[in-house]
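What follows is a single structure, and I will ask about it in a moment.
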Amino acid sequence: MADTRTIKVEALARVEGEGSLHVKVKDGQIKELHFGIFEPPRFFEAFLRGRDFREVPDITARICGICPIAYLMGASQAMEDILGITVTKPIRDLRRLIYCGEWIESHALHVYMLHAPDFLGLADALELAKVDRSLVENALRLKKVGNEILETIGGRAIHPVALKVGGFYKLPTKKQLSKLEEELKWAVETSVATVKLVGGFDFPDIQQDYNFMALRHDDEYAIHEGRLVTSSGLDFPVSQFLDHVEEEHVPWSNALHGKPKDGGNHHVGPLARYNLNHDKLGKTARAAAKAAGLGAVVKNPFQSIVVRAVELVQVCEDALKLVQGYVEPDKAFVDAPIRAGEGHGCTEAPRGICYHRYRIDSDGSVLDARIVPPTAQNQKVIELDLWKVVQANLAKSDDEIKWRAEQAIRNYDPCISCATHFLKLEMERG
Amino acid sequence: MPERKRPKLAVWKFSSCDGCQLTMLDCEDELLALTEEVRISYFLEATRKVEKGPYDVSLVEGSITTPHDIKAIREVRKQSKVLITIGACATAGGIQALRNFKNVKEFIRCVYAHPEYIDTLTTSTAISDHVPVDFELRGCPVNKYQMLEVLNAALNGRKPNIPRHSQCMECKETGTVCRMVATGTACLGPVTQAGCGTLCPGKDRGCYGCFGPMEAPNTAALAARLGQLGQSGRGIRRLFHTYNANSDAFRKEGDNHG
Amino acid sequence: MVKPDNLAPLIEDHPFFKGVDTKLRDLLVGCAANERFEAGQFLFHEGQKAEKFYLIRAGTVAIEIDQPGRPPIVVETIAEGEVAGWAWIVEPYRATFDARAVTLVRALSFDAKCLRRKMEADPTLGYDVLRRFVPIMAHRLSAARLQMLDLYAPPKPAKEKTVKAEKADKKSKGANRAPDARLKKAKKKDGK
Amino acid sequence: MAQPNSKSTTPYLLDMDGLAALISALRRQGRQIVGPRLADDAVIYDDIETAADLPAGWGSEQAGGHYRLKRRDDNAVFGYGLAPQGWKRQLYPPRQKLFAARRQAGGFTVEPPPPPAPPLALIGVRACELAAIARQAKVFGDRAFADPGYQTRLSSAFIVAVQCAEAQATCFCASMGTGPEVTAGFDIKLTEVFVQKHHGFVAEAGSAQGAKLLKALKAPAAGPAEIKAAGVAVKNAARQNKHLDAEAARNLVAHPDHPRWDKVAERCLSCGNCTMVCPTCFCTTVEDVTDLKGDNAERWRKWDSCFTMDFSYIHGGAVRTETRSRYRQWITHKLSTWVDQFGEQGCVGCGRCVTWCPVGIDITEEAAAITGQERI
Amino acid sequence: MNAPLRDALHAPVRDPLHAPVRDPMVPVPFRIEKVRRDLSDTFTMELVPEAGGEFAFQPGQFNMLYVFGVGEVPISISGDPADRSVLVHTTRAVGQVTEALDALKPGDSLGVRGPFGTSWPVESAFGHDLVFVAGGVGLAPLRPAIYQAMANRQRFGRVIVLYGARTPEDILYKKELERWRGRFDLDVLVTVDRATGKWGGNVGVVTNLIARGGFDPLNTTSFVCGPEVMMRYAAQALEKKGVDTGRIWVSVERNMKCGCGLCGHCQWGPHFTCKDGPVFRYDRVADLFQIREL
């Protein structure tokens, strides 16, 4: 039929991992729309079974090259939960600092290299460099600040090696961290300028009524700990995550869809955090957001780029404070005897909450593992956004629609590698 | 001025965490200079622009885990003059090769609500198990300086300075005190290829072998020593069976323990 | 074929029979003849009865293998002071190669049957002749082996990585739903 | 480097303040001060600022494949045994730039590396280490081609030697004739003594500049008690359980097919640790590096080890593919062919290769087994 | 008193008379004047120092040739030692550096360090028959010695060049060999392992030519250069023929990084191949040839 169109984006660009998009349109109406994740499953939960609990943080880090801290830390927290360990304040601060590093690196990468080109009609950041080289140089420098935090504390930026259950293998010296100070001061300024820059982009006028979910902490903009809250009013400890979220297996995705048990969908990531924790943003970040025209509520998914930039301000400033306030602790980690049990961990990866649950045996071997990464939870809302974006642009050419749709997906900074490690293991026993 | 003819670079992904190709984007100081010397023709993580092959240099990340991967890598090989595999997944099957030691079909059947949706091989294998590879760059993830070195060497027609010797040599070069001798920590350094920059020993922990086996590793002698240092058979097995579990030397040694 | 009255000096002068005992020499003379081959003439052919062997006094002889449709393969060339033919000692007494005169060749030939008979009858002669032939055979063997080594060949390039055994399981159930952008794009744009 | 000192001087007695003053004086000369300090569960030789950086009260316990820091029951600053790596790091660094080349129209220019700077002061050099320095000095200068870098660093260095007061279980300098007593090759020699709970250092000059420096410190002369204590210390250090029959070891080359090579190869990891920690091992390789454009090139020299496969590579492949051959190369060179090359053995008996071998292979045992002094 | 220690530390580290003027590890730029292709993978370059001046060397010595940014490789000098105005190298392209050398053209620059190593003792053969035994590209390091012998022709008995190549197409310096063969005072015998085309000459290994003799073994000096296996067998053949092993000289190859005894790579038993060799007297190293993986 003449008015049947199929729009396919077979390999999404500028996302971590490989995904696809299929849209079938008939008589001016979308009939089918799938955000597909065809990256093959990697069975992490399967082979974690029988491993020593101390190995889990490093192994799960391999789920994702861009947010390994989310795994290192979430897994460590879950193990500490089992062993009854509470880390000391200096260790907690250092953890937040290295997490800030990951956010800076990831957000700078996404804002400038992966997402901004969409708003400028460019294919990539290299084309952007041709238009404005210093802009891309600044972006890379900003990204490097994040990586340097990761490297100084963790040893390397991707899959850092210094983190362990209870804290760190080795602590950075004050001298090493102080070296980051000047760059971080520059980074705060540059990220404020970034908010201004991306705030000036043109955004399609789309407002979505999301059910946001994020961590919330009394004393800070939650990154590495807190309770889970939703815009629908839920407020529960991390340990109850699975009471509220379930996973669904759809034919077009190798990643299980995470969704609320009480129906509907939920949205995790920068927009969720911003909307739920706006009051916890620091002064500088809040001012930057305001100057860019953001209110306390942002429901346009395309404005996530601005929110990400606001979060960049937040973490650059946090990192600067943490570096300045760092005092070398006496002990690099907190130890405790092994015991059997179940534990939970949850942190805010740059692209949303990343949940871990483990059960270990009395000899420390893993009996069971469950990990719910952010992109899996966002699959549903991504499809809802796409539905709206595609419908609104049906008059346009396929190429134009593809670009718009890709952009809508990139709003979520999806990490497909994360999303496809899945396997529900509790069913395997028996 | 007409644009110089730059070699075409493609970056491909198979089953992996993305960390190795991300390493490319982590070359903050060198990225723009690099793109002046090579033409990025296919690199989905960085650009939606796609140029047709053949490609002068292909970097391949990830392992082969589906039947469709097998077809795809053959096509990549056909399109690439030089094929360089990057990272533990591409050079040894990666962490996901731990499935090779278990029954994957069982997992899927028991676990997924719709096993028929899942199309996967029972093994995760290295790229060189399927097509000829010109250079294998190790690491989980690769070291960015090594990656630049390999590209640089390819551009300048010289041999890449990528040693195949033990991690110990690198520790000594950097003046790092041996963890195993000075603290009794289990360490795979003596059988692991150097190149990470002495990461783990520099952070007071034993090497966990993410760069895979060195040239002619004596894993049996190390395993014996680890036993003397108090490692259980299972512990020794786990050490060898992690990030490069499917590399010949580590797989075999791990199989001998536990 | 000319048969001079006394071939003794020729035998004595040839390096192969250097220092031969007079009595034995005389026995040898009885089986010897002086021969001449023009360039291109064959001393003997592969597979033929090995009825003679030759002490080369002048010229070059190619030891070669014939192959249909292609030039013969020269295994070795031998020259003045060397010996052509040893198959006459070993049953079934058939030549194992062709021997072709490359230049004008002058040689002393020895009748194999005659010599074998004398060797049977006189073990001293038999031993002496064998003693002289064995090193020749050993030398031939060692030279052939060295040649096989292809010593001057360009060194093999650093071992190229080859495809390891395909361990991967090719059988897999379930439809392959993954849209393969990589594959299709590459194919589509391959064009030719 | 120390120049011969014709007149013997009376020993001085320094206390900790005196030692600190000595270090300050060397620093004032613009020297980079390298000495023992505590780091990463060991006492290593590294840059030190003041005498306060010295590892007071720390000792070590060393055996095959085993090193543990341990607390001493005194506050000796030089009582730590030997550091994991010797002064090779300073005098012949693991990475050295050999030259830089720049492409220019129609060719290229070559720039030699800048001369090494600043001059070094090495604090705490042991007798075996002085011997090792001397042996490397021969390798890098006693022949037609010298290494100017090594020669400059050594000849400009100020050497503060320290007498050993005790031997580790891995020490065998006495049997190699290189120690424990420091006899020559230093600018200042210290012997750490405790006399009636007074912690001090008997200091002797070994060169004119050493004598000048000591004199300037205005330290008192050492008394007979201190001198006697210094003598006792050296005697204690000479009590060593490990021995190597240097004469017999000369004969190692005569046993290229000894079954012991296979036995040791079963244990040997060919990791190269022994060669890297050996204070006389001098092998290096080179790396050519370029910038991405290929307009600038450099060559770097890097420590190498005869345990690597590439070490013996000639086009087509490595000559020494088996561990047995590589181990044999190392030990025969060290104990046997070194004598042919340089008139003395390459081993100084410091025992580092024993301590830092991850599996504790002992050069003295292997040499004894192969030369037939012990049962295999 | 510890004498060796004292000596080593206090003796002048360099004999001022023989002190190298410059750092032996820093190459000197030379310009390529001419390139001639000898064989499909082998070529000869003529080099002159960019800064002008002469280059003196002894036959059998080698240089480290540096290709900008690619690396360095030891290559024997194959020109006439009497001609100091030009430096001649014949190279076979078998690796990354030699292939990069092959890609250079006249006018290009390369770096040279050297000359290094021992030489063919041509003078020691005065009064003798002089037999050169060469295999493959092993003819190149012998050529300077052949030139020197011819320059002093009257001081020798017979001068014989025995040369083995893989095929007739692989014969190095073919025209020059023809020219030499034409001389009444030089015997040139060439053999190939595999005859191809119209080759009407000798077939078989070069050691066969030794067996045929033509020289007075008791009064012969021989210089042998080629693959190590070939040298071993050639030396054995010479010895069998009656040549004193103290008058046989071979040129040994090992991994060389520095060329001047500093890097340790080329050690072969007690020898630094770069400094004590590459030219060795056979009787001094015959035993080493027999040790596997030495």
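Going in written order, the chains are labelled A, B, C, D and E, and every chain counts its residues from 1.
Here, contacts are C-beta pairs under 8 Å (C-beta built on N, C-alpha and C of every residue); 3 or more make two chains touch, one makes a residue touch a chain.
Note that the structure is predicted; figures quoted are calculated from it, not measured.
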| item | value |
| --- | --- |
| Of B-D and A-B, pair with higher C-beta contact tally | A-B |
| Chain at maximum distance from subunit B, centres defined as averaged CA atoms | C |
| Chain at maximum distance from subunit D, centres defined as averaged CA atoms | C |
| Separation of subunit C from subunit D, taking each centre as the mean of its C-alpha atoms, in whole Å | 61 |
| Length of the line joining the C-alpha centres of subunit B and subunit D, rounded to whole Å | 37 |
| Intercentroid distance (Cα basis), subunit E paired with subunit D, Å | 38 |
| Averaged-CA centre spacing for the pair subunit E and subunit B, given as whole angstrom | 43 |
| For subunit E, residues that touch 2 or more chains besides their own | 69-71, 94 |
| Multi-chain contact sites of subunit D, meaning residues that touch two or more partners | 288, 290, 294, 315, 321 |
| Where subunit A touches two or more other chains at once, by residue number | 11, 18, 40, 251, 254 |
| Partner subunit E, residues of subunit D touching it in the complex | 1-4, 98-99, 101, 103, 106-110, 112, 127, 130-131, 133-135, 137-148, 151, 155, 177-178, 183-185, 253, 256, 282-286, 288, 290, 294, 297, 299, 301, 304, 306, 311-315, 319-322, 324-325, 329, 333, 336-337, 340-341, 343-344 |
| Sites on subunit B touched by subunit A in the complex | 13, 15-23, 25-26, 28-29, 31-32, 35, 40, 44-50, 65-66, 69, 94-96, 98-99, 101-102, 104, 106-107, 110-114, 117-120, 124, 140-141, 143, 196-197, 199-200, 202-205, 208, 210, 235, 238, 242-243 |
| Residue ranges of subunit A touching subunit B (in the complex, touch as defined) | 11-18, 39-44, 46-47, 51-52, 55, 58-59, 62-66, 68, 105, 109, 113, 123-127, 129, 133, 136-137, 140-141, 143-144, 147, 155-159, 161-162, 164, 168-170, 248-249, 251, 254, 332, 403, 406, 415, 417, 423-425, 427-428, 430 |
| Subunit D contact footprint on subunit E (complex, rising order) | 1-2, 4-6, 8-10, 13-14, 18-20, 22-29, 31, 50, 68-72, 94-95, 107-109, 111, 253-255, 257-258, 260-265, 267, 269-270, 272, 275, 291-294 |
| In the complex, subunit B residues that touch subunit E | 156-159 |
